[in-house]
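Next come two complexes built around chain A: one with chain B, the other with chain C.
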Partner chain A sequence: MGLLNAVVQGVLLGGLYALYAAGLSLMFGVMRIVNLAHGDLGVVAAYVALVLVTHTFLPVWAAVVVTVLLSAVAGYLLQRLLLQRSLSSGPLATLLVTFGLSVILQNVLQELFSADTRSLDTGTFATAAIHLGEISVSYLGLLGLGLALATIVGVQLYLSRTATGRMMRAASDDPEVATLVGADARHVYAVATSIALASVALAGMVFAMRSSFSPTIGSMSLIFAFEAVVIGGLGSLWGTLLGGLGLGLAQSIVGYYDPADSILAGHLLFLAVLALRPQGILAARGT
Partner chain B sequence: MNDQLRGLDRRSVLKWAGLGAAAVGGSSLLSACGGLKGSSSSSSDTLKIGLVSPQTGPLASFASSDGFVVQTIQSALQGGITSGGKKRSIEIVVKDSQSSPTRATEVTKELINSDQVDLVVSSGTPDTSNPVADQCEASGMPNVTTIVPWEAWFFGRGGKPGKEFTYSTMFFLGMQEFADCFFPMWERMDVSSKNVAALWPDDTDANAFREGLGPMMEKAGYTVVDGGKYQDGTTDYSSQISKFKRSGAELFTCTPIPPDFQTYWRQAAQQGYRPTLATVAKVMLFPSEAEALGKLSNNIATDVWWSPSYPNESSIDGTTGQQLADDFASKTGKQWTQALGSVYSLFEVAVEVFKKVSDPKDKNEVAAALHNLDYTGMSGQLNFAGGPQPGIAIQKPCGGQWRPGKKFPWDIFIVDNHANPNMPLTGDLQPTFS
Partner chain C sequence: MNSPQTCLEIRGLDVHHGQLRAVTDLSLTVAERQVVAVIGANGAGKSTLLRCVAGILPASRGEILLDGVDVTRLPTHRRVALGIASVPEGRRLFGSLTVEENLRTGAYRHRAGPWDLAAVTELFPWMADRRRQRSSQLSGGEQQAVAICRALMSNPRVLLLDELSLGLAPVVVTRMYEALPRILESGCAVLLVEQDVSKALAMTDQVHCLLEGRTVLSGAPADLDRKSVEAAYFGIDRREAG
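On to the complex of A and B.
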């Protein structure tokens, strides 16, 4: 029974990891950008939502929607104004730019909000759960998993069914040829970053509801998100979902037997995938 | 016109550069003299105190009152103090450890070598106080630290009975004080078993509890239900929670890092683990944590080593704890934290010891006086000669519980004073979950 509970909790946790990782995976898949500020951008979203909840009359759900929209706009601008310029200088430049962005964001947040622990208070929702015998399925866990599934299915549909989505795949395969046939690579890239930031904003806010946040906590989630992307396979969104779930399950099942090895189990899974199947569980097509 | 201005600029720049060079040359000459004479450092009419604390980074909550304390002390000491038969002014140099032990060592070196301070004080978890104390011990610099369990400070730095520290001293609590604070509250609870659930991760602080408080609990007749040595930063606690539930433990204690406690406590509520009394250490020290946890903070108990309700007065100017907290609230708009009293006392200790010595520039004399200091001030009585090891003054905490406050959303109410009967109670002990 306890083991079954561990599996259920692992799936819920994995959903949150996948939600965190989806944006990272998309940005790598489309532009080959490893965004080291990914976790921090989620934390920024949590602070934005907190400010909206405390200083306006918006209820939490409305603040979440507004924050996602703001993040999407911020993502578009971030790509056009900052990342696009560094792209032409090679992968190392984008890595350094996002690293710098991470440092700046952490310090600006600390300057504005101090290092105090904050949380997005959702009242009884935060502790509510469906109880099935010994297993309890928390509403927040379900929310994280549901949003992860919705985000990944939504982005997949967008990539396969819409014109911009198809151009995104084309620009990902070969930006120059895509531009030749009429795609505006810069616009397409900015849309991808916009989606990535909206999804990490969701992840950051769900995390802020289930735990707490402070300016420097973003890097912790970056590690798990990065591992989920690599375990699932670089550039594959379905893979990222599987990677997140795998990571969550590894942590919670091993944690059931020995809490000391829970985090280690996730790292070992990551290393095992790198050593035995470096392309990940589901490799992106064509690479 | 423009050219002329630019010319002037260039000339004045050169002038300033020349002055700067002279100043740099002069100061290095001075420091060379200091090196030769050995004992004297900065100008003898001024005594310099260096403060190292984590003003930025994850530990910054511990330092949130530092700026206010430094200002308060500076204005209280405007007239200077009499030390070694002479009127001397006090200067405070503040350095940021950025919450990193490496950085803490670096800035301590700066304080000793470039700022030429006469004493170094430091606060805020072993990550700050231990490297600072080590550096001071190595450089022969008198040093006081606080907010670090003495076992972590003493054994964590390779101290052994018979191999004590000459220059570094500290005041705070140890495992015995946590036991004296928590056990009476557990005794007062109407619980059916003596099982105590313990959430202790695998880090320095929690291992000190596991190895120190654990055996004390067993000796007092409690059974420790150890949730296991999990890693800091764990995001899922279902295995610990189900273990606690199975054991039927109605008492709960823990020493996690603050964000992990927020995650754990919510998950425990989701999964229906509701201990009759939770007594926590290391977390719920700051009102911001209680606010972040919201309604779930209600009646969580913790150790309180400093509170404005304690009848303590500053040894510098007689300010009461309540006045200090009120002043802090009106100047910064923030609620008091326990660190406020501790950081204030760091400077009290420095002033007390400067007043006692015949030559405050003599590092060995100051260090020896620190080890023998026994005074009463903002943190009550601190006796550095009467602790478990030389140079350690022990504070006696009371048990406090978080509840909605009148002035602030969440406040600590003192509910148990078995460990320090002189402190007045401000509330009743209530079950965390009934």
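On to the complex of A and C.
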């Protein structure tokens, strides 16, 4: 494997990180909620898809679509029934609620599915790749990157072109005035969480197709998603995309020289950004 | 004189700000095409009153009626849907949104009426050229104009204006008030809060002077002499009594 191949793999991996991080970034940008259960919600989606594939006649792609829709509904309800209540008690309360949710989800998954590792079988698709000389571009990697780009472009268009999306940005600037112009904050926030959960469900399922997963894997994805958001710049979705790619590249390029240091390299990039440019690569939109 | 239809009616309103009672037993009515001003010194309870009518602060006692409908317990966004629009103190535009986007947020509830992007742009023609600019790049006076238009975009029955003149040059303030007649033409009522007493007396149909949350003087500006307004504003007679 050459260095060029490592770069290509880094971009593909970074796409998956960006897809993981997009929802986290959106929820923080709109509501200032740091969702510590974000990674676990992706894992839950992977298990839901696994159950659908093994216990129904649905093919994998249909199970993915159904899971994304279910996650969107779950996101709306999660915000209305749980997170909204904690929002009025300050940022610490939402942090604790999502932390509690993370612990509960991990343990319920262990109870239901045991700690065994599973994977979402996509047949020959999982190993198929385009070969360009020494570089191999896996279909799954392309899928992750493509979904990340589509999600981030789609959410950006939604935020800039629709009345509800505009109101999300308005509420991010000044939630009180957003209600003064007629926004039902609970609804606007619930739509944002709904989008966030749909996107993390996609990420969780693509991850489950690429490698094996288990109930506690969500914590690790949360850390990568976090790092992507911070590297890119809080509150900026394009930044999150760049952050994910940066993280993927750092891990892959260092991994090319020494696989043992791959994860560490990502963390070091994160620390370096925090130390040298704490606002991230792209500072948040706004004043 | 035939009496125009009452838009907003406030009856015996108490509003608490934490432990403090900021507004006490306040009653007033605003009719269609009428401007009512609430004046008073800092901390007299003027802004608290407007925030309660908008639904940001709860009323602890009393009623708020909009076109005869009790809205006292409704959340803010439902009141907007029924026709209460606010221009908050300090303008508070959405800084990361463009001028046009700010205006569009005002139309979120899709109330029917004469005000749309074209109509509000006619009110302040310079907005047409600058609609793609971030609102945070505007001057104070320009921001105030956009804040007024944002509120108008909801086609309100009652427009609440909080401290229009705050931090603005007198000439700019005059320009803001010049827009009032055209706003009233659309059939809405205006309830405004103002520290600038002379502006309030010159531009309005009815003035309520608040002191420590109570109405101490009210009437048409023509019936009020400068001395009694000053006394009410600063609470001079009260100090002698207490």
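Before moving on, here are some points about what is shown:
Assume the second predicted complex is superposed on the first by the 285 of 287 C-alpha atoms of A that agree within 3 Å, B and C clash if a C-alpha of one lies under 4 Å from a C-alpha of the other, contacts with A are read in each partner's own complex, and residues count from 1 in each chain.
Everything that follows uses one rule, which is that a contact is a pair of C-beta atoms (placed from the backbone, for glycine too) under 8 Å apart; a residue touches a chain by one contact, two chains touch by 3 or more.
Since the model is a prediction, treat every value here as computed from it, not as a measurement.
Of the two partner chains placed by the overlay, only chain B lies in contact with A:L13; chain C stays clear of it. In the superposition on chain A, A:R161 contacts neither chain B nor chain C.
Contacts of A:H55 after superposition: neither chain B nor chain C is touched.
By the document's definition of touching, of the two partners only chain C reaches A:D174; chain B does not.
Of the two partner chains, chain C is the only one that A:D184 touches; chain B does not reach it. Put chain B and chain C next to each other and count what each touches on chain A; the higher total goes to B. Once the two complexes are overlaid on chain A, none of the chain A residues touched by chain B in the first is touched by chain C in the second.
Here chain A touches chain C in the complex through residues 163, 166-167, 169-170, 172-174, 176-185, 285-287, going by the rule given at the top. If you check the complex, the residues on chain A that touch chain B are 2, 5-6, 9-10, 13, 16, 107, 110, 114-119, 121, 123, 126-129, 131, 134, 136, 138, 140, 210-214, 216-217, 220, 224, 248, 251-252, 255-260, 262-264.
In the complex of the two chains, the chain B residues touching chain A come out as 56-61, 64, 202, 227-231, 233-236, 238-240, 242, 258-259, 262-263, 266-267, 269-272, 286, 288-289, 292-296. The touching residues of chain C, when paired with chain A in their complex, are 54-56, 75-77, 80-81, 85-86, 88, 92, 94-97, 101-102, 104-109, 134, 136, 150-151, 154.
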